[in-house]
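Labels run A, B and C following the written order; every chain starts at residue 1.
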Amino acid sequence: MKLKEIAEFLSLEYNGEDIEITALNSLLRANFTELTYCDGEKNAKDIPNTGAAAILVTKEYENLVPKDTKVLITQNPHLSFAFLSKLFAKPLFEQVKEKKQNIAKSAKIMPNVYIGNNVDIGENVVIMAGAFIGDNVSIGDESVIHPNVVIYNDSKIGKKCHLLANCVIGSDGFGYAHNKNGEHYKIYHNGNVILEDFVEIGACTTIDRAVFDSTIIKAGTKVDNLVQIGHNCDIGQNCIIVAQTGISGSSQLGRNVVMGGQSATSGHLKIGDFSTIAARGGVSKSLEGGRVYGGFPIMLQKDWLKLQAKIAIKFKE
Amino acid sequence: MKLKEIAEFLSLEYNGEDIEITALNSLLRANFTELTYCDGEKNAKDIPNTGAAAILVTKEYENLVPKDTKVLITQNPHLSFAFLSKLFAKPLFEQVKEKKQNIAKSAKIMPNVYIGNNVDIGENVVIMAGAFIGDNVSIGDESVIHPNVVIYNDSKIGKKCHLLANCVIGSDGFGYAHNKNGEHYKIYHNGNVILEDFVEIGACTTIDRAVFDSTIIKAGTKVDNLVQIGHNCDIGQNCIIVAQTGISGSSQLGRNVVMGGQSATSGHLKIGDFSTIAARGGVSKSLEGGRVYGGFPIMLQKDWLKLQAKIAIKFKE
Amino acid sequence: MKLKEIAEFLSLEYNGEDIEITALNSLLRANFTELTYCDGEKNAKDIPNTGAAAILVTKEYENLVPKDTKVLITQNPHLSFAFLSKLFAKPLFEQVKEKKQNIAKSAKIMPNVYIGNNVDIGENVVIMAGAFIGDNVSIGDESVIHPNVVIYNDSKIGKKCHLLANCVIGSDGFGYAHNKNGEHYKIYHNGNVILEDFVEIGACTTIDRAVFDSTIIKAGTKVDNLVQIGHNCDIGQNCIIVAQTGISGSSQLGRNVVMGGQSATSGHLKIGDFSTIAARGGVSKSLEGGRVYGGFPIMLQKDWLKLQAKIAIKFKE
């Protein structure tokens, strides 16, 4: 899509050279054919380092934009970006005359399964009744997709994975831009979800696709039922994530992290390798690895246990 | 159904004038063809104001009943009502020779979709594979129903809504009447769910239908994954409800209320416009608008933060 | 399967008498044709009482094994058992030329339903669109299976049950054995789920199958939406389990226990008859019956309320 068309669509002024924009991307990842945005003070420091072809930015930060990056001035870059995300959104499913499907002969597909276009299904894969396999999905050898599982388009599933009934892989993340009237505009998520090998996803668990790039669950990680994993999370190898845990967007877990039942993280934080978060622990800041944490606000689990004991004694009649 | 038949079905005595009862309804909403009940002291004050054709009531409150309302005396009005709710329940699906379906030509319906009788589907609606659209459902223009979504009968979906994979709209609320032996009897929910325009519902989120009337989600509200919204809730415009939140029955949220992840409300309370409930906040009483709350029991978020800091200092070794 | 084949599969030494092993089972339930294991100090005391045909055990506890039980020495009995569980796992679905199905004529089966082999469906059962009924499932008279429900193989559903949309009955429990490198190996769960009569299961609720034997929900118990019930739980009669509650594996609830919204239990504990756990209560130890508990760590609810009040006063400015 041409940059001038984009400007027109957003009712923004643009008189510079017209160029082709192929995709949207984040400040630091956008390349010379992609458009990015800066949504405020927090990210303004990264503007000089962007390699984007063009940027949506407020007047205030215009002077930070590198000279090779075209500028679209807007009062609300995040909102302009949300509007654009719809234009760049892939269709939820492609309607083609004849689907390309590369399905191993050894794969077993039960009835009432929907399989989209441009799908790769490996050896001995089992896809149980009612499952939905979107366009451009690949499923590695020996993986089992249980009944009524939904795998959205562009998801990549490794080998020997188990996706239990009614889990959802690759639904849109919960991201909106807001206008002055407090109305919310959907950001279409054009990234995907990657599950590496030996991953298990529990029943009715939901894993959101990334805005750009990928939400990733690394090899050997096991996720229990009714867990929420937000967009752009990066979950390390061999993690154990117990039922009803919620992991907010852009969280990074190292390897062999254990999240106890009903625990949670806020977004944009890191949990180090070999950490354990006890059941109900609420992680609101980054944590170094190798220790056991608990409570909300989060602390060392041993401190939380002591604290609770002291409180109980202190306030006993 | 005749009132004398109802009395007979419930093994209650009734020698008054026989009348036709068309539906069940609450004390203050029941009209002159509907039957209501009073389930105890809390609601007894409303008995004199009922406009119901008939009422299930204990002997104790008989004297409060207006003279135009027929009286069925029962020891456990709630239980009698539960029994009756089954009689008045609509079928889960109608079996008709030829379904009436008003589906716009521009709508796209994928395979393995079930669409019931008397359904209206607007322009450019997309219904993805495996979705269930019950009887008497309407879906407004441009809305997208994702794979394996279940929309129960009588639900009304507005325009430009997004219902993500495996969410459930209009399942029976969690309401039971109890007998002396501690056995629970299902109350069939004969109300519905209304989603206004621009509503988004996350994957594996559940929204229960009302006992009577409607559970309503107003225009522009966005609901994340794995959220529970109970029967008869009234969620205002442009609310943001983050993943794994639970909103108990008959709660009322004003406009632009934000509920953080894993937050919750008890039932029958009001949260004012432009309130924010921080992640994990547990709302156990009505709250005035425009402020930020947190903790459990709920308090101002700034007080909760101070409290946690003081506790940490006080009990530090 | 022969014991010598098992030893060979696990690369363990075994020179004793060869015998046929028919199944895996727990230390105290395994019979004279079954193989069991001891996963450490906690269970070692039960070794002398096993009636198993054979046992996987560390060298350390070999001397506790009864003389009629054959011994396979292994450094990690739990891991060896996990490997074996795959060998003994039933197929997720049987592929037979002609399915045996005993479906009452009065039952109503909607479109897009999958029904496996050796299934019994009682009088007036309703199975709604998109449901999955695995092999060897039985469903008692008058039960209603709502849209897109998944009932895994071997589940037993009683009479007059309601299984609401998108709930999952009998998915594998969240159990793994671990090696020295922190890798997790799936334990295939060969038990099942039993729902007795008059049980109601909410939308998007998940109930895991047992490792051995059964996860059981007794008659009259009502479970709300988005609840997780772990493997091998035993939930008593007429319990009420409110939305988003999590019950960890092998928990036992007595009769008429109430679990409030977002409450939880750790595993392997007992809650006595007629207990109530308030909303958000976190049960980390066994509790005697007939009382109301709350808070986390769990205490009497009245103590929790007092404690919160005192804390609020104490730390008020």
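Heads up, the rule we're going with is that contacts are C-beta pairs under 8 Å (C-beta built on N, C-alpha and C of every residue); 3 or more make two chains touch, one makes a residue touch a chain.
Chain identities (UniProt): A, B, C = UDP-3-O-acylglucosamine N-acyltransferase.
Not measured: the values here are computed from a predicted model.
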Practice prompt. In contact with chain B and with chain C at once: which chains are those? Just list them.
Written response: A
Worksheet item: Residue numbers at the chain A-chain C interface: does the shared fraction exceed half, giving same, or fall under half, giving different?
Response: different
Worksheet item: What is the distance in Å between the mean C-alpha positions of chain A and chain C?
Response: 31
Discussion item. Multi-chain contacts only, two chains or more: what residues does chain C have there?
Written reply: 112, 130, 148, 166, 204, 226, 244, 262, 311
Response to the item:
The residues of chain A that touch chain C in their complex are 108, 110-112, 126, 128-130, 144, 146-148, 162, 164-166, 200, 202-204, 220, 222, 224-226, 238, 240, 242-244, 255-256, 261-262, 274, 279-280, 308, 311-312, 315, 317
Worksheet entry | chain A-facing residues of chain C, complex | 92-93, 95, 112, 114, 130, 132, 148, 150, 152, 166, 168, 171-172, 174, 176, 182-184, 186, 204-206, 208, 226, 228, 230, 244, 246, 248, 262, 264, 266, 282, 296-297, 299, 306-307, 310-311, 314
